[in-house]
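Heads up: the structure comes next, in structure tokens.
Chains: A, B, C, D and E, in written order; residue numbering restarts at 1 for each.
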Amino acid sequence: MSFDIAMTLQRGTVRMVYEFTAGPGLTALFGPSGAGKTSLLDAVAGLVRPAEGHIAVSGTTLFDRARKINLKPEKRRCGYVFQDHRLFPHRTVRTNLLYGWRLVRPAERWLSIDLALDLLGIGHLLDRMPATLSGGEAQRVAIGRALLSAPRFLLMDEPLASVDAHRRGEILSLIERIRDELKLPILYVSHDRAEVERLAHRIIPVEPVHG
Amino acid sequence: MSFDIAMTLQRGTVRMVYEFTAGPGLTALFGPSGAGKTSLLDAVAGLVRPAEGHIAVSGTTLFDRARKINLKPEKRRCGYVFQDHRLFPHRTVRTNLLYGWRLVRPAERWLSIDLALDLLGIGHLLDRMPATLSGGEAQRVAIGRALLSAPRFLLMDEPLASVDAHRRGEILSLIERIRDELKLPILYVSHDRAEVERLAHRIIPVEPVHG
Amino acid sequence: MSGYTGGYMGWLSPEEWQVLLLSLKVSGVAITAVLPLAFALAWMLARWRFPGKVLLDAVVHLPLVLPPVVTGWLLLLTFGTNAPVGHFLSETIGLTFLFRWTGAALAAAVMALPLMVRAMRLSLETVDRRLENAARTLGAGPWRTFFTITLPLATPGIMAGLVLGLARSVGEFGATITFASNIPGETQTLPLAIYSALQLPGTELQVARLAGLSVLLSVSALALSEWLARRNAQGKDRHVL
Amino acid sequence: MSGYTGGYMGWLSPEEWQVLLLSLKVSGVAITAVLPLAFALAWMLARWRFPGKVLLDAVVHLPLVLPPVVTGWLLLLTFGTNAPVGHFLSETIGLTFLFRWTGAALAAAVMALPLMVRAMRLSLETVDRRLENAARTLGAGPWRTFFTITLPLATPGIMAGLVLGLARSVGEFGATITFASNIPGETQTLPLAIYSALQLPGTELQVARLAGLSVLLSVSALALSEWLARRNAQGKDRHVL
Amino acid sequence: AGKPQAPLVLAAASLQESMNAAADAWAKKGHPRPRISFASSSALARQIEAGAPADLFVSANERWMDKLQSDHLLKPRTRVSFLRNTLVLIAPRGSKMKLPVRANMPLAKALGSNRLAIADPSGVPAGIYAKQALTKLGIWNSLRDKLAPAENVRATLALVSRGAAPLGIVYGTDAQADPSVKVIGLFPQTSHTPISYPVALLAASKNPEAEGFRRFLISSQGKAVFRRFGFGTK
């Protein structure tokens, strides 16, 4: 099982319940705005602590309330592309990209910097500060930063929302290669039907629970 | 002419040249990431000052370097949906929505609060702070805030990027009604072909100029 | 403190009351009066670019750098009855500082100024200009934008500036005694009363009581500011690891 | 200042040099030594929730609230040779404060502490926790996250704290003369030298020169900090109206 | 070890000029020049109580010396009161004020709406003496709300020389040292307890030079130095 998730999250007054298992490949999360997709990714990344339940990825338990397991985010080795980019504002594009890259053993890296720059089309931005990037440029740098940290699985929250059609095609191909050649499990959030249908092995509906 | 724009913008080392006129209705700006779409909207809103040229909307000159005209942003009466939302973090959703609404004479308003809440599906969020909203929720509040300020023209920068398909349909209908019934000029940025084809009377390509 | 009766342990003696109330008045007036100036200076330093900015910054910091006695002495040279500014103010608007509680307030204000400016400036510098721009497109003029967006977003720094300034003004001694003298009931604030008591042996208890009052005053201000800050932060919840 | 020769106008007299260098040493050591403590306190106040937080906050503010003479006196009672802490320190690590430049540094550090803590806390509170979370998902542990994300983002507050603290320590008088006394060459910093000069009639020029030195010292620090801040801000350009 | 170490002297701030001159004179005789820390007597006394490693204390008032003595912080039989001072009424140099010091003198009237500069009478020695004198002359009560109490004698002097106060009460030595004020009256010695400066060796002192300097201070040669600055000697 790539993902084995059964948990309850509490955010403010909202309570969200998730329960699914997913085999290898890319799993798309599909659901209306506010259903809890980002919250789910946050919990898998270890940034939000579930009230109940367990989270396992590729057979490794990341969280289990009953067994008192709660891996720290930095031990989970996820590549998280945030919905809001979260580039480090005090570092250049270059040092943003290298942030995670420097923290893994060279042998574990599976994407070369040159290839990432080329496929994402961000080679000319290396010396810029994030505040000067356009929306799509920032988004592509965020994707690059996550991939270069050599994660063991990917969490992608609308990674292509403001990327133009041409780049989108290239990045989709890259994601497909990661999915098929490296066989990384991927949790993918998108509102774009076409994107989801092209990429996903399965679609998990995320429905809002009110209570 | 809805939009009559001929200007040069300087951002960092990049110089961008725009020149187009557009008749009534919705004008889509289409172009690759980093081409300068957001910069164009910023200039029309009065947030960025062009190096050269002029900007006129519906016959009103907003900026003209030669004639030393440069209307302040608050006098331009644009409804700007920012690519990065820019909700006021210290105000509730309610007071964010009412911010512009309170500043126009009642007679000039063309959208009722109830209708906005209903169409955007944000009625249940009124007492929340922006930091607690999901990506799509924040985006819809940003749309509502811009529309409720009773603008005379709209600047929309990927307003539906992270809105789900169902809501997207409703909001597209709303934009169509604004376009057709109120006849507001609209500058619309989107990377979504389908969206652009449904909405736009014309498509202005924005191409990166390097120099 | 002249005429201290001692022995009255249960509550405050009349003299202690007098000193406490005067301290409250002096600090309160000083901080209230200097607040707009401090904010204006913070604004200029945070937002404007002009030649001599570092110089202005330095002048604002002066009361912090100079020994308080020197500051008091400079105040005397500027606002004394025979000094041009002091003479002018007393002739035109009847405002005199020398040996008056207003002088103590002036000294406290001057000493608090640099702390207030720094804290406010720090907050103003982190206010996101893009939000101000958003307010402008929604029809708010510069002033409305300032009052509805910039000012509220800078609240933490303003609060910090108020607390620092208040604490500093409550503790102000050197400039006050030099400029406004140590007149019971008029300019004898808590630190001056403490100083008087410290001059003689065997007054430890009296000093401790007065110091305790200072602390009490400031702790109240602090607690109030923390409470306000917490109320202000409500709803701004963030991801918590 | 004992043995001031006067007349030597072109540059600094040997005594002035001595005072200046001592002031530099005292302030430098004080600020360097107290920086980690100030930051740790700022961190606790900004990030932790614990019972007694307001109390800790109040204790940190104490040196600001109390007249400096009282602070100096409390230091005497704590770090004097006859006092338990002072005795312990001098017996174990041979560190004595009384009548030593270390005492002047301790007094300066204590007085600078509240200003440093406040400014740093203000910046720490505005650091976006979501960026720290992002660093964690990229494989950085809490310490690395702290040093690569939190600390750099809090730089403006740390710089402001340093400047305020330095300025305050350069101007510190009351606690120093009470605790460390006024010994030329050992504890006579600029403010104490100014005090000594003020005790004599006809020393206005000398006072002005010494005060000028204080100002020079602080303006240099200020200019340096502004320059660093500007260098730091480069590239972070924002929409400008 | 070679040269003997210089003793550390704690002296009241008002002795700054005279004590430095005395130290210079002592150094001229081939001794190491004493290091002197000038501050208010109360601050210095508290430092001694806290265990300050000093050798000699010269106080501007007897009360603190009494306190130290009763706490056994002085070397027995080394305390000597060796200087005297006077109390004078001063005005700015240009003042035309004529006001003989006597019982029921019209000081309050002479002040008008101005204030009398005085060292803080609730603690600072010069202020305490001034209060005694004004009480003895029967005019203390009439002056109660006409006082401008200052931090110390020098600050009092500054208030007068800057014109902030038209009249002030300071030590004779201070008035003599400051050319911008003039003495317009001398308070009778009988109107206040004698103004005397005691010196004593501290119990903690280990410096062999200290006793020599103390003896020099109270010798006729030493006293001569202080007389030059207007002090009386015993």
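In this section, a contact is a pair of C-beta atoms (placed from the backbone, for glycine too) under 8 Å apart; a residue touches a chain by one contact, two chains touch by 3 or more.
Since the model is a prediction, treat every value here as computed from it, not as a measurement.
S.K.: By label order, what chains touch chain D and chain E together?
M.R.: Of all the chains present, those in contact with both chain D and chain E are C.
S.K.: Between chain A and chain D, how many steps is the shortest route if every step has to go to a touching chain?
M.R.: 1
S.K.: Suppose chain centres are the mean of their C-alpha atoms. Which chain sits farthest from chain A?
M.R.: It is E whose centre lies farthest from that of chain A.
S.K.: Nearest whole angstrom, what separates the Cα centre of chain A from the Cα centre of chain C?
M.R.: Using C-alpha averages as centres, the distance is 50 Å.
S.K.: Taking each chain's centre as the mean of its CA atoms, how far is chain C from chain E in angstrom?
M.R.: 35
S.K.: Using mean CA coordinates as chain centres, what's the chain A-chain E distance in Å?
M.R.: 79
S.K.: Taking the mean of the C-alpha atoms as each chain's centre, how many Å separate chain A from chain B?
M.R.: Result: the chain centres lie 29 Å from each other.
S.K.: For chain A, which residues are shared contacts with two or more other chains?
M.R.: Residues 12, 46-47, 73, 84, 128, 132 of chain A each touch two or more of the other chains.
S.K.: Can you list every residue of chain C that touches 2 or more other chains, as numbers and ranges?
M.R.: Where chain C meets two or more other chains at a single residue, that happens at 69, 73, 130, 133, 136, 174, 195, 198, 237-241.
S.K.: List, in ascending order, every residue of chain E touching at least 2 other chains.
M.R.: 158
S.K.: In the complex of these two chains, what residues of chain C are touching chain B?
M.R.: For this pair, the touching residues of chain C are 130-131, 133-141, 144, 148-149, 152-153, 155, 235-238.
S.K.: Write out the stretch or stretches of chain C touching chain D in their complex.
M.R.: The touching residues are 53-54, 57-58, 61-62, 64-70, 73, 114-115, 118-119, 121-123, 125-126, 129-130, 133, 136, 156-157, 160, 163-164, 167-168, 170-171, 173-174, 190-191, 194-195, 198, 207, 211, 214-215, 217-219, 222-223, 226, 238-241.
S.K.: With touch defined as at the start, can you tell me which chain B residues reach chain C in the complex?
M.R.: Those in contact with chain C are residues 45-47, 72-74, 76-80, 82, 84, 86, 88-90, 92, 99-100, 103-104, 128-129, 131-132, 145-146, 149.
S.K.: Would you pull the chain E residues touching chain C in the complex into a rising list?
M.R.: That would be residues 40, 42, 45, 63-64, 66-67, 115, 120-124, 147-151, 155, 158-159, 162-164 of chain E.
S.K.: If you look only at chain D, which of its residues touch chain E in the complex?
M.R.: Going through chain D, the ones touching chain E are 2-3, 69, 72-73, 76-77, 80-83, 86, 98-99, 177-179, 181-187, 196, 198-202.
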